[in-house]
């Protein structure tokens, strides 16, 4: 090992890091090979699970026949045609295995009064309002129907709702605590001027947040440079210390001799930069403006949507998601071009209802998808139990023109990707979290039954139990 | 959709090929009683089904259909097109009312209903009526009333009680209804219901309401079905003993049909006939199919799910002999689907009512 | 000794107390308060087919017997108020003698389970007291098969109603343009009394009384009991004076029971002279009940001291054994408090042939207590209703 020194050697940490990196990769390689060896005949951890199916849908549109998966410690650690089951591992077999369904717009698992509230601001967090016990029956239903994760938000009645989370249906555990911000531009019954005013208010909130973020960034830059200045000055002063002390002593002696007071040389120090006043709401919204988290905006009508698209164009880093989007077809090209996904939430309504022929209803998903817009399907955050029928909504969308693979994407890989979880869930690949369904048939077929639901590697539901 | 006309009608020696007779050929014909006939020909003549078989019919033009044929849905509780005319608000009890007068064949909402596969509709009284009248069976596509005075509708739930109109209590409701039944003269609808000639549809929602309704039905020898009863699974034995079926209502969203799922499974197991409603006023036929799909995903088999929207629904409405299944002698009310009719991924290709093509998805463009 | 030998033999012969249909048990108690005044020590109760077959004092517990320190009869709540609310009372008319409370029962309500588990095995249910004369009440078992027929106990027919401010509450002046049937009399207390008197007079003077009037005539004759809610003194007076007036007119001698007679303690003499019984409501927390009646824990004792027949009630909210404990605090003995919640209400309601005491031949409605009943530290640990375990002591 290196010899000790009182001051850290500036070069060694880097080298240490590099050495560590080498060691890690070597270790990982070793671990990987040892894992491969263990696949065959290793000692099984008590949580090992083997899943076998005639068809494994790796991702929508890509499936492999006759595959087995080994699940350990919450992850898919191996996939293969002939995987031997480790000792003590539970085996579940079915016709099809696919990624668990994710509802991108839900209120299941959230305390109902928080979900409905209008007293919520951008700094409020959905993770503070989770209610696993009060909703345990609803959550059990979701688990049985295959919807294992939901993006939840609170404050449906507020115009900007705060930080939502992605949670597991099993126990309402957060998978991603800060998943997205949400806002609502959907107040029917207002006059057009007020409706445009709503959009303008949102835009100014975004601009305000951006300014705040810029101010904070500027402050940090200024602080850094000020600190550097101070450090430099200090060094300079330290170096000249002896000389300056001698000079000062001389001056003091001269002053004493002359009977005058010594005028001390003052060093002018730049004032420490002041940070901008902390604003939690703006700080939170700034994360959306900066693209750190996506922002889901519930907007149905054409006027609001057009204005929204216009005012958000300057915020180039913002990742917007449209929820509802009944009039999104009119702007499909721009949505496709800007890569803005749309969460569709179709409801079976009476033919000739209030919107009548203008309401595309279930056909919206298919039509948007055909124009190149990424479509997600959500239950609409109206009632907790609505999430249960997510696969039925997707199936009905197929019946109204949505492509089968796009429909499956809309409730699995799509929500995972849009909410930054694609490296964890949404598809069936080695290394990803084990959030899977074992089914008796095609995932969207109405006669398919969910044979088993696996959430985070744990079997949370098995048919016939 | 492929429509290819093979074999023009050539009169055979001695056989008369009717002008309007033709056959549909499809890979799957769902009869509506649980059976599925593969690669079948459905021969239609004069608006009724003449035969369903695997052998090609002679002397009849055959239309090849790309998809599954299923009976048209029976919409058991349509209030659209009635314009609120099915609820007489000044009196709770109008047992002699003929609800066929509430039918407005020109209402534009019917078109949407037909396009989603509903060919026959029962128009009942509103749920706030105690004895709202006699429901009529209508064909929305043909714009015709098929059968008057088909079902006697009775409301025995809390919504039939008034807060400032009599009766305000269940005791008062049953006293009133009991008097009406006792005083019913021969030939009147209530007398016909007592004699079992006309089925009844009794709306009861909570478990005690259902229990009381069953007692009343048994005491008066009524046949027919309960309407509502979302917790029917807790009273399966009593329902079976009474001989009544159950018609499940839709809710605003199929998501709140949890209790219905459990009840549907329990009734299916006990072999009690049940049906789903399309109730277009709140959700439409797609909602009905989603309700059925929710039950299927919980274990109900596809045949039973389809029966609940076709054959059994027709039987409950008292037209099981003429509608609801694809069988000789029944009305030629058929829907051609792109896949199994109970699967939500299937879509309607065309709809036949009374043997006539009344809707074709192509004609309406991609909007459907 | 011999009886105990024979009994043990009988028990052994009939098998253990683990029942085939859930209605046969053997119960051993250190003390059985029968409610008749008799107390059995170290007794074995044999229950078969939902009825009490035999009680044998002075025997040891058998191996399979359910055991408890004290066993009493199941409590009878004479005013349990567990109906379906406004749908239990026909408000299109103020006088509806033909309405039966059985239509206002919701046997699926969780309140029944709560009542049963708290020791109330029979409950008297009336239509909601919004009408002057609401209809006929019914005694209902608190547990068992969920059908009205199975749960109803046939007793003395009781015509139920109310005198006081409650029946007039929804009504408003009948002058001007009436918009609903609530634009009618009575709108005051005197109007309520007027409705009562008017109904009785019209029934008594009718040439051809209709079905409703026939019930009223039976009430006047005493064949149907009259169960009137009257909280305050003035209302109790009204009820008693009405009875006396009807007797003076020669219409008959009513059998009067005052329900929720919170201020019955003020003028006991009139209750004594008319042989009126009283059902006491739960003791109010702040001293005054509905209708401003003043009541304390001593009310029961005052009625006892005057020789008035009384029972306690819980109104669906307060556990009946707590009310009994409060009455003891006010001066009743344990035996008297027990009677007031078991045998006396059963007698007043005419169901004492089946319930109300621990005697052979009666229904197996029993409470197993973990100590002396009605003490603050005692609670029911086992409850049988018709032989079925509503609360399992094991």
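General remarks:
Going by the order they are written in, the chains are A, B and C; count residues from 1 in each one.
In this section, a contact is a pair of C-beta atoms (placed from the backbone, for glycine too) under 8 Å apart; a residue touches a chain by one contact, two chains touch by 3 or more.
This one's a predicted model, so the numbers in the text were calculated from it and none came from an experiment.
Under the stated contact rule, the graph of chain-to-chain touches is a line, running from one end chain to the other without closing. Ranked by the number of C-beta pairs in contact, the top chain pair here is A-B. Per-chain Cα centroids separate subunit A from subunit B by 46 Å.
Between the CA-based centres of subunit A and subunit C the separation comes to 62 Å, rounded to the whole angstrom. None of the residues of subunit B touches two or more other chains.
Listing the residues of subunit A that touch subunit B in their complex gives 141, 144-145, 347-352, 357, 360, 362-363, 367, 379, 382-383, 385-389, 391-393, 395-396, 398-401, 404, 444-450. Partner subunit C is touched in their complex by these residues of subunit B: 158, 161, 163-175, 206-208, 211-212, 215, 234.
Those residues of subunit C that touch subunit B in the complex are listed here as 84, 86-93, 96, 98-108, 127, 135, 146-148, 179-182.
Note for the complex: subunit B touches subunit A at residues 80, 108-109, 111-113, 115-116, 253-256, 258, 280-284, 286-287, 289-290, 292-294, 296-299, 301-302, 338, 340, 342-347, 366-368.
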